[in-house]
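Chain lettering (A, B, C, D and E) follows the sequence in which the chains are written, and residue indices restart at 1 in each chain.
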Amino acid sequence: MDIATTLGIIFGFVVITGTILYEGNLGLFFNIPAIAIVGGGMTCATLIHFSLAQFLGIFSVIKKTFITKIPSPSELIQKMVNYAAINRRDGVLALEQEIGKVNNPFLVKSLQMLVDGQDAEAMRELLSLEVQYLQERHGVGKKILEFMGASCPSFAMVGTLIGLVSMLAKMENPEQIGRGMAVALVCTFYGALFAILLFLPLAGILGQYSKAEALSMEMIVEGICAVAKGENPTVVREKMQVFISTSRREEVKAKV
Amino acid sequence: MDIATTLGIIFGFVVITGTILYEGNLGLFFNIPAIAIVGGGMTCATLIHFSLAQFLGIFSVIKKTFITKIPSPSELIQKMVNYAAINRRDGVLALEQEIGKVNNPFLVKSLQMLVDGQDAEAMRELLSLEVQYLQERHGVGKKILEFMGASCPSFAMVGTLIGLVSMLAKMENPEQIGRGMAVALVCTFYGALFAILLFLPLAGILGQYSKAEALSMEMIVEGICAVAKGENPTVVREKMQVFISTSRREEVKAKV
Amino acid sequence: MDIATTLGIIFGFVVITGTILYEGNLGLFFNIPAIAIVGGGMTCATLIHFSLAQFLGIFSVIKKTFITKIPSPSELIQKMVNYAAINRRDGVLALEQEIGKVNNPFLVKSLQMLVDGQDAEAMRELLSLEVQYLQERHGVGKKILEFMGASCPSFAMVGTLIGLVSMLAKMENPEQIGRGMAVALVCTFYGALFAILLFLPLAGILGQYSKAEALSMEMIVEGICAVAKGENPTVVREKMQVFISTSRREEVKAKV
Amino acid sequence: MDIATTLGIIFGFVVITGTILYEGNLGLFFNIPAIAIVGGGMTCATLIHFSLAQFLGIFSVIKKTFITKIPSPSELIQKMVNYAAINRRDGVLALEQEIGKVNNPFLVKSLQMLVDGQDAEAMRELLSLEVQYLQERHGVGKKILEFMGASCPSFAMVGTLIGLVSMLAKMENPEQIGRGMAVALVCTFYGALFAILLFLPLAGILGQYSKAEALSMEMIVEGICAVAKGENPTVVREKMQVFISTSRREEVKAKV
Amino acid sequence: MDIATTLGIIFGFVVITGTILYEGNLGLFFNIPAIAIVGGGMTCATLIHFSLAQFLGIFSVIKKTFITKIPSPSELIQKMVNYAAINRRDGVLALEQEIGKVNNPFLVKSLQMLVDGQDAEAMRELLSLEVQYLQERHGVGKKILEFMGASCPSFAMVGTLIGLVSMLAKMENPEQIGRGMAVALVCTFYGALFAILLFLPLAGILGQYSKAEALSMEMIVEGICAVAKGENPTVVREKMQVFISTSRREEVKAKV
């Protein structure tokens, strides 16, 4: 997990709490029925929209996002250049012992196919399909969080409307409007806050993670296919350097 | 039907009703003219937008969504691996008796084409077209529900405007504003509630169902074509496992 | 024209008028300046956005939509199966007399090309281009109606702002706010009503019609090309049935 | 320029002015600071978003839109049919004297390439690239106007907020609210009016013009390539008639 | 950096400040808590959405945008025409000394590949991949600024809600509403202003810069491949002139 995510969530709530304390009192903004209707309504709409398995899976997706380490592009280039060198020097079977040193399951599978002597084009096709369907599966997490982020303000509006209608109907003197509207607007506050400080940015970081994962998988496909074609380490490095920015390109050399 | 859909709808209304009871009285929110204009207006706009056949079809589409069981991916992989084994051992004609054991019409059609000895590429082309046009037909249900979800808040606004204008025009003292606005805002409440708790999530689950159905059809196309090419069970399993996540892959073996 | 369109428009206005009568009086909502600014503004913006020819063409497009009958998919399949049978039995020239029995201009053109002995691939290419450009021309009608639907609420807002500003500037006592706001809000009412009950659903039905027309043209292309390749009636039926749902498939047989 | 554009702009301002005169007085709506913040803010945001060259180019793009005449499709078909006839009868070099009779630069370039004896496929590739990049360059004008149309209401809101905040802060008795809000809302009025009556429809007509230009260029590419392949006038006419509607097709015949 | 960007930002703030001074006093709009919640909230949401590296990179991206000079299209055409002439006259190795005269890294790389004698198609493929991934990396800057622009108004709304709720809850007489609402609305003002005068136009100019850079890279790829194929200077000029408008085409001639 990127440190920025934690920092963002913590400081975000500090900023909001600070502003509330400065403007008035915190108790006014701690309103159980408002939390119930925004959080509850959002959860129910999400349950209708997605299947139970998808809904429960969101927690494991988030956990995985924050824990799994995606190999860095430079690391992957280094690995592929080494594999190309080993393949050139000792033959493809010598790569078998490299499989044990790796813990990224996609890289393990790709190496295994390489060692099994599969054809470069067949490997590219199968591995690309694998990337595509994995991305689709991982995309569901982002969609659920986005739906939650879009539901929050809507249920907040429903909550505020319930508050307003009830207040207006039993209002006897204009002096009561203030207090009543304050309570009704707390719902709107929760809806906006949950959406923009939690669900939408979390959907965003999930999308970023998914993209980084897809990039690393594309790099593995590109690299393994180049090795399978017997390209020399220099060519493999050349081919894979398009994936990273010019400023980080010089550092890679075959270390076997 | 996924249990989550029913739970979501029931709990959603419990949460809303609970909040209303907590804030005021339920009678205030039970307003026949408001229901008439939101529900009626939405129905009329939908009738204009879609043909009568499409409009009436929405009920059967929803019913089908909640009843039809889509074969699980692992189940389909198992079936295809078995077909590949039978095809390898006893020839393609031996698959004829498998057709009777299946009740998914698309799988029946695919198997029939296989037994009829059709060419793998011709089958892929015809079956893919079939998947594409079926998806388009099923997509109409989702579009109608989305249109309903988008119409509700608009007719709610029309209703609220009718209420506001009538109230403001005959207002004699500011004290009446409260009661009048309360009644006018109930329309807005209905529009928001119907859209976010019913139509939009139902459009969502229809889309999810459509996607799952498309995936299962793509898997059948992929599997049947592999069998038609005479691939062995292991290769068929390899090819089809890209459709499911790594954690669920190990369980499949040919059981003939 | 689908009956649902007429029903939707009539019942829509009944629902709105009923609600107005229930809430207050109809005269309040019949406001010439409001109609002038919403209708006039929308017309002017549409004139700027589109050329005069396109703008005037919208009426003939709408009329055509409501009058022209698109051949039903089953009818087309039946026709193509018959043509295949005639072609197989009596040769392609025997199809010449079928041209006179048909009144769909696209089908006439396709049959003429078939009888002229053109190559299947050349026909597919030319006819597909024809479908594509026809769709583009028909799409303009939908775009104009959508633009009108989007302009209405904006000009309604301009009208309401003119009313509000004028009212607020000459307001002497708060009691006048009610009446003035009522009049100003009637503009907003018109804008919302025209957009959601007329222009947007009409744009929708135009889009539906366009899609149905495109589907029937695609079916003609597919069918005529199959006949041109000399396929037998059963194969033609097989190929064309992907366009319709499984439940309606069994009814077609060559009747020559 | 299409006459509808001028009519739309003139009548649009007539409608708006008429409504203002009917509701109150015109002076109320002529507010220099409001014009300054909406127009100035919009101009500044546009300057930041686009380069100075693009921003200044918008005037020449608009002028060009309103002056340049795009050849009508029927005219182009007539021309191509004639070229085909000349090419068939007198050879490609005889087309050289046609170049002088044409003033559309794209048609001149295409004819020149034809006379130079370039290969049909090479011409199609180069001319298509030319169409694509020209469209991209012309698309900038539309984007600038759309950005202006989207900026207006935002700066109007900023202006209204400045007015509201200033008014509310120094308000001593509720009677002042009316006048103050009237002035603040004039900004909102300008923002909406400029966007929906000027910038957005102008962006629309620019887009329409761009599309018509692209269509005429595609027709030239299609026609010139057919002539280059030595097709006879009838085939050329057939091929090009897909670009126009059925009702306008019969009028074309080779006049050489 | 385009001068228009600086002018736009400076004049934008002049216009806003001028309007504020005209309407009331500047002190009213200088509100530390409002800046804290809008700026702080936006920063936190951005930190959650993007990784720390991406977030910190935005400053270097903006700096680079404003400093790096993209070679003008005419300049590039001139260069490619010269390279073609040198290649034709002295052979490809003579281009080696041109590399030193160039400081655009992408052009240096392309020239190096050319001198190394790589095949035109292989070069096109590798360089195109390079353009694609560079564009993706540069696109992140635009996305961050757009996210900031979208977050500002949301956090402004949260800030305004905090202000409103606090004010309404402790309101004792209606006279206080004015002052309280003024303070609450300053947040909305900041949110709108930051978004439309800073973040969204900056995202726009970044996008423009990215497009111009992509165009210049596409031109280099096109030109270098033409040179690699040994095309003569006239053909190279012809091919590359599609990238610029007709009016600027005549000025290029080989100067070697």
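Just a few scattered comments:
Just so we're on the same page, a residue touches a chain if its C-beta (ideal position, glycine included) is under 8 Å from a C-beta of that chain, and two chains touch if they have at least 3 such contacts.
No experiment lies behind these values; they were computed from the predicted model shown.
Where the sister copies chain A and chain E meet, the same residue numbers recur on both sides for under half of the interface positions.
Superposition on CA atoms relates chain B and chain E by a rotation of 145 degrees, given as a multiple of 5.
Chain A and chain D have Cα centroids separated by 41 Å. The centroid of the Cα atoms in chain D and the matching centroid in chain E are 25 Å apart. Annotation for chain B: residues touching 2 or more other chains are 174. The ring of chains, read from chain A with the first step to chain E, runs A, E, D, C, B. Residues of chain D touching chain E in their complex: 33, 36-37, 40-41, 43-52, 54-55, 105, 126, 129-130, 133-134, 137, 147, 151, 154-155, 157-159, 161-171, 174. Considering their complex, residues 2-5, 7-9, 11-12, 15-16, 18-20, 22-25, 28-29, 174, 177-179, 181-182, 185-186, 188-189, 192-193, 195-197, 200-202, 204-205, 208, 238-239, 242-243, 245-246 of chain D touch chain C.
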